[in-house]
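Letters A, B, C and D name the chains as they come in the text, with residue numbers starting at 1 for each one.
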Amino acid sequence: MSSKDDLARRVAADIPDGSYVNLGIGQPTAIARYLTAGSGVILHTENGMLGMGEVVADEDADWDLTNAGKQPVTELPGAAYFHHADSFAMMRGGHLDVCVMGAFQVSATGDLANWHTGAPDAIPAVGGAMDLAAGAKQVWVMMTLFTKSGEPKLVPSCTYPLTGKTCVTRVYTDVATFQITPDGVRVTELHGIGFEELASRLDVPLMQV
Amino acid sequence: MKTLTTDALTAVKEVRDGDTVLVGGFGMAGMPVELIDALIEHGAGDLTIVSNNAGNGDTGLAALLAAGRVRKMVCSFPRQSDSWVFDGLYRAGKIELELVPQGNLAERMRAAGAGIGAFFCPTGVGTPIAEGRETRQINGREYVLEYPIHGDVALIRAHHADRLGNLVYRKTARNFGPVMATAARTTIAQVSQIVETGELDPEAIVTPSIYVDRLVEVTP
Amino acid sequence: MSSKDDLARRVAADIPDGSYVNLGIGQPTAIARYLTAGSGVILHTENGMLGMGEVVADEDADWDLTNAGKQPVTELPGAAYFHHADSFAMMRGGHLDVCVMGAFQVSATGDLANWHTGAPDAIPAVGGAMDLAAGAKQVWVMMTLFTKSGEPKLVPSCTYPLTGKTCVTRVYTDVATFQITPDGVRVTELHGIGFEELASRLDVPLMQV
Amino acid sequence: MKTLTTDALTAVKEVRDGDTVLVGGFGMAGMPVELIDALIEHGAGDLTIVSNNAGNGDTGLAALLAAGRVRKMVCSFPRQSDSWVFDGLYRAGKIELELVPQGNLAERMRAAGAGIGAFFCPTGVGTPIAEGRETRQINGREYVLEYPIHGDVALIRAHHADRLGNLVYRKTARNFGPVMATAARTTIAQVSQIVETGELDPEAIVTPSIYVDRLVEVTP
């Protein structure tokens, strides 16, 4: 089983050099720590910036310079600022190579559910997740494969309200990495679990690499 | 020649009960706190507020909500760790919420400012956001029809202005300001400094003066 | 009868102080010469600028700084540049107070025809005229009232292809100025012609001020 | 890291017969003359060219037209005092013309770059431009439905670039460049100087590097 840091490191390693990437709030933010300067990966934040640097401590904060999670960040050489309509035009127009988001559930066909548990008393909040799901060339998910109570989060069909349909292409989890293809779900990496055991714990047909 | 510069309370005086007010900012970055404080003092109520979030802590937008002035919030991300004022009003059924994906929020205001009647948008297709709305297949892809969001007034925060009303912003505090300035009948900008006309680089002006009706200097 | 310069001077005098104004190519360009600095009128050019100054001679030209007619111009203090989509969003979104254009014909209900004679062998060219007609708060026309062959250009209904419907609110001509109102066409100024004679030469019912 | 800088001929090598090429400029301001010359040398034909005008004099776009490489022009203002090359081809029935109002030209490319499927636009209502097209009343106003214009390649001219591909423009030569950069699969920018990354003001960058695929330095 991979730790959260291992997971972030693995996702970082799979991002092609020179990609323009949006890292969702929460866990995916940690991926930035494992991107090397030499990779030429440029980070987008939906609140209007390309060339975002790392999260800094509050005492070093410039509160006019934050990421999508409202944490203070730095500006790298070659950064550019733009307003919200331009920022989301960039996302929606298919210009970002990769975005990485967390998820409540991902379906076998790449449907994504990550904004609403569907609980009747929950206050819904979607932010930019639906725009990212609809717009990025590749949508990757980074999550634990099972809930705390052991329910799989890679499912035949999402029971939570959707964020986007048929958009996720890769799912990075603590126990395995999956590719969502038109032919089905392919397991590309295993971490401390055998293929047969993994297959027995999911309701989704799996292909081996 | 028009005189744009005024104090915060005078600037917000034309906000009327029932108005739709666009409020800039993403969290606190770009939030026009002093203009919101003036709006609270001014007293207009029954407002529809369009803003990315629904207030943080107990100041700014949260204070406006706490004062009972807001009938409806149009936003993308009301639920935050420090959005207790909104959370309480919402659970008590005392405020209406229209949840709009962040990009649609920006693009719908951009459409209002740009004279676009409606647009087909790929965001939210197949999700609860699209339920009951007009959709269409175009070139093999499905889209949802989205309508403009017009404001009566926009309250935004920029960095510097010149005396004509041209604006520049600072880093990610730019966010919704430029779009909201185009989408409202009256735009009021709070800036940290007003410089002489001609001092801003014409190549770097983000909001041209045509979109700005009042300037309030709030020295940080 | 007013000279072209008189006409430009009269239009300039009617533009409210502080207005944002677009002057169409050709004759309306001359209006700029009669706008005083103290008026605070700011000129828009659809190729991406507010705060445009006057036309300059070719030998003083900066060919990166031109008006919509591709003539070299100057930049005034407080000028701002923007790209074409932003420039036309400004027009279409109803932010310009006044635009002044030439015309082949204007109808009694304010329809505008100024881009195409309808001749079968003509090469059509519309430029930004339709966008201005659809977008400016007030569309004013500046033209001679009669063609060289004596045909009126203020007509019951345009015979040339339209640029925009019900958009023109004022018509400045060499012999009279007209307001197009929902109630009909009102003559507001006469220049060397009597009302009765004017009325007899037009097929449009006229109201006197 | 991607290397953007190359010579003009190499830059345009991927233009294919039948491609749609977006060409920046308003008249000669912002016209990427050297890139067009390279495209002529490269030899791709049967092109659809999207540009505000249809060439001036005998150079640049006019030369591309004269070389017989263009099947169709999409533009707002083909007829100019010095557009004799286009005029001749058009009258001889040797070129197709799609006339698009200038603002629609810009907004349709903006829509392509912004992932908008179509939009309702007030321009041209009741005119021949709207004939046979879908219209709709929205809030008491009539609109025409307009579709995106996507480019295979965009050829634009900017002022300075940094090595990442961030662009700034100069005065009204900015015009269609930033919009076309977003609307094409591949954007090639001719610039008068390439500076080191970090030398451009992040607040003043007009075209962020994400939209730029090749840079060609053409010293004036």
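In this section, a residue touches a chain if its C-beta (ideal position, glycine included) is under 8 Å from a C-beta of that chain, and two chains touch if they have at least 3 such contacts.
Treat the numbers as computed from the prediction; the structure is a model and nothing was measured.
Participant: Taking contact as defined at the start, I'd like the list of chains shared as neighbours by chain A and chain B.
Facilitator: Touching chain A as well as chain B, we find D.
Participant: When the centre of a chain is set as the mean of its C-alpha atoms, what distance in Å lies between chain B and chain D?
Facilitator: 33
Participant: Centre to centre, by mean C-alpha position, how many angstrom separate chain A and chain C?
Facilitator: Here chain A and chain C have centroids separated by 53 Å.
Participant: Averaging over Cα atoms per chain, report the distance between chain A and chain D in Å.
Facilitator: For chain A versus chain D, the centre distance works out to 34 Å.
Participant: Indicate the residues of chain B shared as contacts by at least two other chains.
Facilitator: 107, 110, 114-116, 121-122, 169-171, 202-203, 206 - these are the residues of chain B that touch more than one other chain.
Participant: Would you pick out the residues of chain C that each touch at least 2 other chains?
Facilitator: In chain C, 75, 81-82, 88-89, 91-92, 134-135 touch at least two other chains.
Participant: Please list, in label order, each pair of chains that touches.
Facilitator: Touching chain pairs, listed by label, come out as A-B, A-D, B-C, B-D, C-D.
Participant: If you look only at chain B, which of its residues touch chain C in the complex?
Facilitator: Going by the criterion above, the answer is residues 1-2, 110, 112-116, 162-164, 166, 182, 197-198, 200, 202-203, 205, 208-211.
Participant: For a test of understanding, state which residues of chain A touch chain D in their complex under the given definition.
Facilitator: It comes out as residues 17-18, 20, 38-40, 42, 44, 50-51, 75, 77-82, 88-96, 134-135.
Participant: If you look only at chain B, which of its residues touch chain D in the complex?
Facilitator: Touch list, chain B to chain D: 107, 111, 114-122, 136, 138-139, 141, 143, 147, 168-171, 201-204, 206.
Participant: Considering the complex alone, what residue numbers of chain A touch chain B?
Facilitator: Contacts found on chain A: 45-49, 62-66, 70, 75, 81-85, 87-89, 91-92, 111, 116, 121, 123-131, 134-135, 161-165.
Participant: In their complex, what parts of chain B are in touch with chain A?
Facilitator: Going by the criterion above, the answer is residues 26-30, 52, 76-80, 86-87, 90-91, 97, 99, 101-107, 109-110, 121-129, 169-179, 206.
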